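The structures considered in this document are given below.
What follows is chain A paired twice: with chain B in the first complex and chain C in the second.
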Partner chain A sequence: MSGPSEVLQPTSPHQRRSTAASARFYSRGVSVCLAAPLVVALAIGFVYPVTRLVGLSFEGGSLEQYRRLVAEPLYLGVLASTVKVAFIVTIASLLLGFPVAYLMARLRHGIAMVVAACVFIPLWTSVLVRSYAWVVLLQRNGIVNTLLADAGITDGPMKLIYTQGAVIVAMTHVLMPFMILPIYSTLRTLPPDYNRAARNLGAGAFRAFISITLPLSLPGVFAGSVLCFVLALGFYITPALVGGPGSMLMATLIGQQTTVLLDWPFAAALSTVLLTVTLIFVFLFRKTLSLSKGLHSVH
Partner chain B sequence: MSTDLTHSTNRLSPVRDLYDSAAVQVFAKAFGVTILAVVIGCVLFFLLLPTLIVIPMSLSEKDYIEFPTSGLTLKWYRAYFSDPDWMAATWFSLKIALATTATATIMGTMAALAIVRGRLPFSSALQALALGPMIVPHIVLGVALYLVFSPLQLTGNFLGFLIAHTVLATPYVMITVTAALQRFDPALELAALNCGANRLQAFALVVLPNIAPGVAAGAVFAFLASFDEATVAFFISDIGGKSIGRKMFEDIDFNLTPVIAAVSTVLVVISLLLMGAIHLANAQKRG
Partner chain C sequence: MIGQYLSLVGLEKHFGSVRAVTSLSLEIGAGEFVSLVGPSGSGKTTALNMIAGFEGPSAGKIVIGGRDVTHVAPNRRGIGMVFQKYALFPHLTVRQNIAFPLRMRRQSNKTRIATRVGEMLELVQLSSYGERYPQQLSGGQQQRVALARALAFEPPVLLMDEPLGALDKKLREAMQFEIKRLQERLGATVVYVTHDQDEALTMSDRVAVMAGGELKQFGTPTELYRYPNSAFVADFIGRMNFIEGNCVENAGGTAVVRLSDDTVLSIRAQGLPATAMAGQTIKLAIRPERVRVARRGEGGSGCLAAVVQTCVFVGSVHILVVRLESRPDVLLQIQLPAEGGLPFQERDTVDLLLDDGAIHLFANTERHAA
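Let's turn to the complex of A and B:
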C-alpha cells in the first residue's frame, strides 16, 4: 500500500496533521451527530459525577472540610508524602528505564524484540496481578525474606511489606513501562549517524552519549516523566495492597475515608485537592505530555 | 576559581593520555558494556519476575512458593472454576467487558471520525475532555461515580459498570483510531463519494477496511481496560454485583490463597493472547 520511501521516512506528525486538516469534509451537522453519543456518555459518566464530588466538598457553601484538612498536620503530611513518593518513583523509573529504552532502540531486531517483550508483558498484565505478586514476594514468609535469610544476610524475616519502601518498589515496577515507551519512541527516531559523527569527530562513547544522544532524547524523557508522575499521584490499587497505615498516600487516605470512616464530604475535599494538584501538573506540562506515545509504540 | 580549573586540567592530562591508549580503551569499553548489560539484565528481571511468578505459584502443591517445587497440581484452578463467587464475578466482568468493548469502540470511532474528518466546534476541548478519564486519578472518578450511582441503585449493576467503563475505555479507542485515520488518505473516501457511494457506503467499504487494524487494536485495549480495571470497579461494586477485580482485591487483602495465583494466571494468559494477536496482526500487515 505504501511505497518504500514512505516506510523509510515515516511522515512526521506535523505533516500528517496538515493533510488531515485539508481533508475535513464532513459537514458540521454530521460531525456533531458523530460526536454526540460520546459527549452524552462523558457528561453522565465523567463530568457530572466529578462536578458533584467537588460540589460536595463545599457543602453548605462552607470551607469547613478544607479548614480541617489544613489544620491537621497528618493530612498535609500525607499530601507531602504523596508528592514525594511520586517523585521518587518517577526518578527511579527514569534511571532504571532509560538504559532499557536505549537498548531496545539500538539492538538488532531479534534481541530488541526480546527486550520489548520484557517491557510489554508487565504493561499488559493487570495491575492487580502485579500488586498481588509483590504482596507474595515481600510478605513475612515471602520469597525475598526467605532468600535473604538463606543467603545469611538477615537473621530472621524483615518487615518488608506494608512499608513505604514496598510501595515505592511495587509502584516503580508498575509504572516503569510508561517511562520506557516514550523514551524508546524518541530514541528510535534518532538516526545513528549523529552518534557516529560525534565518534568520528573524536568524542568517546560517553561524551557522544552526553552531548548528542541524551539531549536529543529529552522530549521522550519529559513525556515519560510527566506521565509517570501524574499516574503515581493518583495510584490506588498498589499502595492499598502493598502499603500500610504508616505509608498512607492521598489515594489510600481517600479510600479509607470512604470505605472505613464513611466521611464523604471530607473524602470529597481530599479528592478535590488530589484532582487539582493533578490538573495543575498536567496543565503546566501539557506540551510534553503525549498520551498516545506509549500506545503508538505497540504498533 | 579560574586558576583552579587550569590546574586541575593539567593534572588530568596524564590520565587523558592513558585513557587514549588503545588497550585501555578496549578494556574500558568491554568493562562499560559489561556493567550496562548487568544493569539492564537486572532491570528486565525486575520487570518480568513479579508478572510471571504467578504461573509457578498457581501450579504449586503447597500454598507458598518453594524451589524446587514438590509437585505440580491443578487444584487451585479447580477451586477457582468450582467456586460460585469467583465464577459469578468472572461472568459479570466478562459481560461488562464485552459490552464496554462494543460501546467504546463504536462511540470512540465515531468521535475520532468527527475530530479528524469533521468540522466540529470545540474539537480540541472535546479531545481533551475525552482523554480526561486517563488523567484524572481513578480513585477520584470511583468515589464520584459511587456518589452519583448509589442513590440511583446503579452500584453493583450492569448499566452502572457499562457507563463507567465506557468512559474509561473510550480514550484508548480514540487514540488508536485517530492515528489510523491520520495515516489513511482522505482522497480515497472522496473518490468513493464521487463515484456515487453514499456516506455510509463510503465508510463501510472504503474507510473501515483501511482503519480496521486501528479499530481492532482500540477494541482490544477497551476490553482489557474494562476487564482489568480495579479502582473504579472497587467503588461501584456491591454484594449483589462484584467485578473480578473487586473480588481479587478483597481476597488479596483478607484471604490470600493460591486460588488468586490461578485467577492471575488466567488474566495474564487472556491479556497476552489478545495483545499478542494484535501485535502479530500488525507485524503481518507490515511484512
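Let's turn to the complex of A and C:
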C-alpha cells in the first residue's frame, strides 16, 4: 500500500537546501518541463488510484465499512500485529544490519566488496525466490527441522513455517539491505579522523564508538528504520508465503478481501487505514529526527 | 611547564615490503618545538601516527618522560593531537568538544571541567563561542578550538599534523605566531608535521628533515640553512643553486673544481667528504642571496661571466636569473635587495662572484629534492 513517495520521505534539510539551489539555477519553464513526466506518472499511477480507493471505502457516503472494521476485534488485531511485526522487524534489521554496515565501511576495499556483494546479491534476487527459500528451510521436513532433530535438540519436527516467528525472520532477511545501505552510506562519509581523535583524547574503543561514531551515524539509522518500517507495514509476498492464517498481516488481509471475498469497499477501507497509520508513523519518525539537535549538519 | 621529553629510538615501520620509516631516532627535549619536514611519502606522517599510537612500530621504542609507551593504546598515552582537518566532533558544541578529553578522564568532576573549559576558551580567545557548533565557526576559529581541545588535559606531548594546511596564507601566518605563543606560554613539547619548510623554519626550535623514510638531518633552523649535510637538505631548506663540476683535486681542505675547459675554481672544501676523489663529478651549491653580481669587467679576478635572462621583482627582493657563459646549461638564481632599484636588465652581461665561504660541495651520489 505504501507508494514510493512515502518511502523516500526521510530527506535531511541539507538535501532540501540543495534542491532549492538547483531550482534557482534552472528557469521556471525548464523546471516545469523536467518535473512534468514524474508529476504525470504520479498523478496517473498513484494519486488517481489512491483517491479512487479512499472514495470507494466511503461508498454511498457512509462509514459502514469502517464501523465493520472497528466492530470486529479480528481486524484491529491484525492491524496491531502488523505494527508489532513491522516494529520487531525494524529493530531486528537494525541490530543485525548495523554491524554489517560498520564492517562494510571500515574494511579494506577488497574484503568490503565481498561483504557488499553478500548484501546486494540477495537484494537483486526476487523477493518471491527469497521467501520460497524460507519455506524450503522452515517446512516440516526442511533443513532446519532435520538439522535440529539430527543434532538431538528436538525429538521430532517442530512447526516452524506458517507462524509469526517465520514471518519475522523472513521479513528481516528480505528488508535488511534497506537498513544496511543508508547506515553504510552515512558511516562511509565519516572521516576516520573522528574515531582517531576520540581515541587520542582518551576514549577507549567502545566509548569512542558510543560517544562519536554512533551519534554521527544516527541520520542513516533513522533513514534505514523509516524505510524498513514503512516497507514492513505494507509487505505482502513474504507474509503471504511463510505466514499462516493465525499470523495474518494487513497486506495479506487486504489481498484476501480483494481476491477471495471480492469485498472491494471493505478492502478499500482497510487500505485507507493502513495508509493513514503509515503516514502517522512517517510523521512521528520525522519529528524525532528534527528533535535530535545538531544531527542535520552531519554528513 | 606541561611538556616532557620524548625520545624515539630506532623506530621502524614496514608496510609489507615498503619501508615507510627506517631507524628513526630523535631526542626531543621537554618544552621543545620540533618540526618533521619532508616531501610527501617521506614517512613524517607515519612517524607521527606511531607516536600517537594509531600505528604500531615494526621495531624500535617510544619513550615519553621516562615511560615506555611503545605498546600502550592511543587513549592511554595522554598525547594531545591536532588533526589536519581538525576532526572536531560535529554533533558537539565547542564547549563539549573541549570538555571531551576531560570527561574521558574520570577523575575530573563537573564544575572542574566547566572551569577548565572556560580557561581554555579564554586562552584561545573564543570565550563567546562556547555554545556554537564547529561548522558555525571559520577555519581559523576551528583550528583554535582543536588546539584548545588538544591542550585541555595538559598533555606531555602535543602532535600537530599539518594543522595550518587548510588555511589561507595571511591566516596561516597569524596562526603560526598564535601557536608559537601558546606553546611557549605553556611550555608544551610539540612535534609538528609539515611539508612547508618556511613554516618549519619560522616556528621550530629544531627541525628534522626526512626523505624516503629516513632522517636526513636534525638541527636548528640556522644549522640546517647554513650547514646542510646533504644536497637533499640544501635543496629542501630554503632556495639553493646547484652547479655540477668535475673534481680535479681534493686535498688539504681545498678542492679544485673544473666547471668547463676554461673555468676552474679553487674552493674551501666545506662539507665535501674526503672520499670525493679527483675525477668524480661533484655539486657546488650556493644560496641565491650569497651570489654577488657586478657589471662585466668590474668583478675582478676569479669571477664567472654570465648573461641576465630574467629580472623579477617580488616585493622584498629582486630575483635575477642568469646563464653562465662558459656553461650555457647552468641557470642561477640570484637575490638582490629591492631598495634602490635594479641596476641590471635582461641581456646585460655581468660578472658573478661566488663567495668562497658560501659555497657548499656535495658528492654527486645522491638525488636531491625535486
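Just so we're on the same page, the second predicted complex is superposed on the first by the 241 of 299 C-alpha atoms of A that agree within 3 Å, B and C clash if a C-alpha of one lies under 4 Å from a C-alpha of the other, contacts with A are read in each partner's own complex, and residues count from 1 in each chain.
Note that in this section contacts are C-beta pairs under 8 Å (C-beta built on N, C-alpha and C of every residue); 3 or more make two chains touch, one makes a residue touch a chain.
Given the structure is predicted, the values throughout are model-derived calculations rather than measurements.
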Between chain B (first) and chain C (second), which does A:A41 come into contact with in this model arrangement: first, second, both, or neither?
first
Counting only touches as set out at the top, which of chain B and chain C does A:G234 meet: first, second, both, neither?
first
Is A:V50 contacted by the first partner chain B, the second partner chain C, both or neither?
first
A:I212 in the overlay: touching chain B, chain C, both, or neither? Say first, second, both or neither.
second
Contacts for A:V129 in the overlay, against chain B (first) and chain C (second): which applies, first, second, both or neither?
first
Superposed model, chain A: greater residue contact from chain B or chain C
B
A:V167 contacts which: chain B (first), chain C (second), both, neither?
neither
Which of chain B and chain C A:A198 touches, first, second, both or neither:
second
Once the two structures are fitted together, what part of chain A is touched by chain B and by chain C alike?
204, 295, 298
Please name which positions on chain A make contact with chain C in the complex.
191, 193-194, 196-204, 207-208, 211-212, 215-216, 294-295, 297-298
Where on chain B does chain A make contact in their complex?
19, 29, 32, 36, 39-40, 43-44, 46-54, 57, 64-65, 103, 106-108, 110-111, 113-121, 126, 129-148, 163-164, 166-167, 170-172, 175-176, 178-179, 181-183, 185-187, 189-190, 199, 213, 217, 221, 224, 228, 230-231, 234-235, 245, 248-249, 252-253, 256, 260-261, 264, 267-268, 271-272, 275, 278-279, 282
Interface with chain B, chain A side, in the complex: residues 16-17, 19-20, 22-28, 30-32, 34-35, 37-39, 41-42, 44-50, 52-53, 56, 96-97, 99-100, 103, 115, 118-122, 124-137, 139, 141, 143, 170, 173, 176-177, 204-206, 230, 233-237, 240-241, 251, 254-255, 258, 264, 267-268, 271, 274-275, 278-279, 282, 291-292, 295-296, 298-299
Of all residues in chain C, which touch chain A in the complex?
52-54, 73-76, 78-81, 83-85, 87, 89-93, 100-101, 104-105, 133, 135, 149-150, 153
